[in-house]
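Have a look at the structure that comes next, please.
Residue numbering begins at 1 within each chain, and the chains themselves are lettered A, B, C and D in the order written.
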Amino acid sequence: MLQVKGITKKFGGVAALNSVSFDVGKGEVFAIIGPNGSGKTTLFNVVAGFHKPDGGSISFEGKDITGWQPFRVAQAGIARSFQNTRPFPDLTTLDNVVVGALTRHRNIREARSKAEEVMATVGLGGAAGMQAKNLSIQDRKRLEVAKAIATSPRLLLLDEPMAGLTGEEIPDFVSLIKRLNESGMTILLIEHVLYAITKVADRLMVMDNGNKLAEGAPGDIMNDSRVLKAYIGEDDA
Amino acid sequence: MLRLGENAYWAMGLVLLPAAAYVAVPEYFSVVILMYYYAALGSAWNILGGRTGQLSFGNSAFLAVGAYTSTLLFLDYHVSPWVGMWVGGALAAVTSLLLGLTSLRLKGPFFVMSSFAFVQVVQLLLAHFTNITNGNVGLVLPLTDSLADMESGNPLFYGYLIAGILLLAVSVNYAISKSKTGYFLSAIREDEDAAKALGVNTARYKALAFVTSAFLTALIGTFYAQYLLFITPTATASIPLSIQIAIIAIVGGRELWAPVLGGIMLEGFAFLVETLFPAIPGLNFAVYAVLLMAVIILSPSGVYKYVREHI
Amino acid sequence: MLELESVDAYYGTLKVLDSITMKVDKGESVTILGPNGMGKTTLLRTIVGLMPARSGRIKYKGKDITQWPAHRRVREGISLVPEGRRVFPYLSVEKNLLVAAGTTSGGRREEDSLETVYSIFPDLKAKRKDLAGNLSGGQQQMLALGRSLIQSPSLLMLDEPSLGLAPIVVKSVYQAIRKIREGREELTLVVVEQNVRVALENASRGYVMQHGRVVAAGTSEELMNDSKLKERYLGV
Amino acid sequence: MLGGVYGVMSVGLTLIFGVLRIPNFAHGEFLMLGMYVTYWFVVFTHLNPVFSIAVSAAVLFVLGYFFQSQLLSRVSRQGEVPQIFLTVALSIFLSNAAEILWGSNYRIVPVSYTSTTFHIGLVSVYAPNAIIFAFSLFLAGLLWFLLNKTHTGLAIQATAQDPEAAQLMGTDIKKVTAVSFALGAALAAVAGSLLAPLYPIFPTVGSYFILLMFTIVVLGGLGDVKGAFVGGTLISVVLSVSSIFVTEDLGFALVFIMFILILVLAPQGLFGKTVK
């Protein structure tokens, strides 16, 4: 469904991404893990059109979308969430989601009912009338996902959706991701909470310093010594 | 229900005020016209500045485009201003589209500065091409008192003409606020990148807001020309006027009736100071400036909201 | 040295620090752990005064500094090396150091202070005329450390010093930190680090944060060996 | 010759933008006040207008400091919009206050050397222009020294680049911000004093210069001190060359169109320094 080939991105001469390639198949949950600063978010920004890559190509459902503007990428069926949540602060929670739904629906009433449905799915139904800037961290995380799925994407990019959630709240979110996946959405996510990933992802890719370090099933990856080293840290540091 | 009620009250008030003023205080009737004129300019500005968050210090350029187009069409080709005003609107829309395609990608203060320069360019061009515009001397419209020429000896005519344009501007604002475009414009104002991520073609919607705002402003330009029957580059495409338009909407706020309140309040205030202290030129604006500072510091989201919340 | 008594902090209406109480003694090295978004950075920002504490008290060297502006806290010896280094990109390396020295030199000659920093970070001396924005990530981290060092702080706080750096560079950053501590037994260190092992190896005690609260505290050994804690809060 | 003074009048604007991130719409009025200070100084003391520079700089420094620390700082947390409008309000206030106090008549500084020219080799030089030029160079040097060799100057640069990091360096950024605004206002006043013997003085003279100053700072790169002088020189050349080929007003129109294009195409300015 999504093919990423040899993506390179440089900032000020320093390579933030070094020829990274991976494929995501239809219906998969594919996760990218790696320490902070390893290039995960940059990779997301390149896929979603917020950064133009310096090399490589991206194709989605057979179309070459390399270098497309973010709104075109979104219209093509790829929605993203931001790691630092980006609500429309002065709008109500419901209106935030309506904005997303309106990119697929002409009619406000339809968009509103779609938005209400999405709000119920993510568990935000009770906060519909609240201004988005007043939501708690957990609800902001939910809103971030709600806005994205209101655009009825076929591929959903989630940037650390569980960062800021506690151990007790994570299982909820894991089951939400599973439900979304079962409803037919392909999901590509960046995550830092490792044990949550192992419960939800079909495949993992590990990044370190802008390079792809490993790729495979969660079980194999978790036992890879290179991965542990990048994650837990070098013994002699 | 309450919202609908409020809209009805405002609209009714706007329609009744000219007639009431005409009967009660005919010598001050021109003040009502000026109030409506500024309220309409503020309302048109609000579409870009309030809903989209792109502050323009350049809207008077479109007033000039409207005023000059309908006037030149009338003087040179005997086209009635009733037709000319729509041509002016269209021309302003095209101009704003061309400008918008280049400058709307600028953010915050950079867009402000570009719009500021744009007015000056329009003013200099209008002054320069004297063979068409008669330069800084300006153009005088013939006094015909004929409704077909959008003229009348009865001031009430102008009161209702500008009331009509004002209600049109407010209605457009209302229609936008209830539409998909309105949702997208608010999203752009709140967080443009987040709006893009949802698939909103932000450049297109900003341009749409800009074009609509320019179109309405140009209609007001034709009114201005017909009311005074005299236009000059410095009175139309003027930086002080542009800034005043922005101030009306900033002081009022970005809600539907807020720029109307802002326009009525500020013009009423200016009139009051002028009447009370006619001997001191400059005093009205100096006091106006102090008042403006007070509003910005004490009630940054506008007087309308402040009144709704506190009174 | 540093005491926090039920400190709360907010972003708008969002509570980001919830009744934080902690105590750090002179010469200690303490680490603060926890997943992203749990308030670690906010905690450091509140201690240095970039974020106001809405309630509670912060005491430093026995004085109540809760209401002090940031620059005053810095001048009294609290220094923070911020996340992402935040060097002044358009100033030369040396001017970056001089900005820091200008407010806190306390009568020492600037050349001496510069030499002290250059002796610990010889790379910076070689690059002293270069714009800081043109340095590599590792060099910028050294500069950020150098800027703090030149202030002769009593309390040095580091926010994710290894963020975005290659492992070999991380190693040299921690070597530099150890070098800074040599001969400065009085210097107190508070480090936020997501690399749990590196963090605990370089600290004597640690706090674990979750949703703006301290949920666990202990010596490095205790935290290192608490596998349940690691799974539950640290996500490893 | 006027390039230098264009630089001086714009450099304050760029300094204010660099630290406060807002275009100061009252900058033209600061210049206007500088001109009036010189006018009254010469009228009362009969001294050379050059000596009024210190006075106008001091007056506007105080006014600038007061305005930033008492008014602008109150809304600085709400972003740039209220701050921009406050500078607009100040601009309206100052030009109208000037009209109330001194009337709207044009005033001319009574100077003896206004019409003198002298000769350097083959070039004949108009005396006031030469004085202005020499002073502009001197001020540029002084400003460079201030910004690069003093702690306050370094603190101003640091605050412009990253206010939070500057706080971590122990900088009192509230004070630095007020000082930057005050210094910017003082520089505008100095330019006004330099120009006073050449231009008629009236309450709205500032609006004649404001857009030109914006153009110059954008050309040189907003917040870039050196760029303001380069931009000032370039604009004065463009204006004098274009006045040969087209009329003066069209020359201005071209400059302002250029301004919009540079804003869009090269927001760093034409000579803006960049970090690789």
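Simple rule for what comes next: a contact is a pair of C-beta atoms (placed from the backbone, for glycine too) under 8 Å apart; a residue touches a chain by one contact, two chains touch by 3 or more.
Owing to the predicted nature of the structure, the values given are computational and were not obtained by experimental measurement.
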Label of the chain whose CA centroid is most distant from the centroid of subunit A: D
Two chains joined by the most C-beta pairs in contact, as defined above: B-D
CA centroid of subunit B to CA centroid of subunit C, Å: 53
Inter-chain centre distance, subunit A versus subunit D - centres from mean C-alpha coordinates, in Å: 48
Separation of subunit A from subunit B, taking each centre as the mean of its C-alpha atoms, in whole Å: 44
Approximate Å spacing (C-alpha centroids) for the pair subunit A, subunit C: 31
For subunit C, residues contacting two or more additional chains: 133-134
Where subunit A touches two or more other chains at once, by residue number: 12
Partner subunit D, residues of subunit C touching it in the complex: 48-50, 69-71, 74-75, 79-80, 82, 86-91, 95, 98-100, 102-104, 131, 133-134, 147, 151
Footprint of subunit D on subunit B - complex, ascending: 55, 102-103, 105-106, 108-110, 112-114, 116-118, 120-121, 124-125, 127-128, 239-240, 243, 246-247, 250, 280-283, 285-286, 288-290, 292-293, 296-297, 300
Touch list for subunit D against partner subunit C, complex: 148, 151, 154-155, 157-158, 161-162, 164-174, 273, 275-276
Residue ranges of subunit B touching subunit A (in the complex, touch as defined): 178-180, 183-184, 186-187, 190-191, 193-202
Of all residues in subunit D, those that touch subunit B in their complex: 17, 21-23, 25, 71, 74-75, 78, 80-82, 84-86, 88-90, 92-93, 95-100, 104, 203, 207, 211, 214-215, 218, 247, 249-250, 252-253, 256-257, 259-261, 263-264, 267
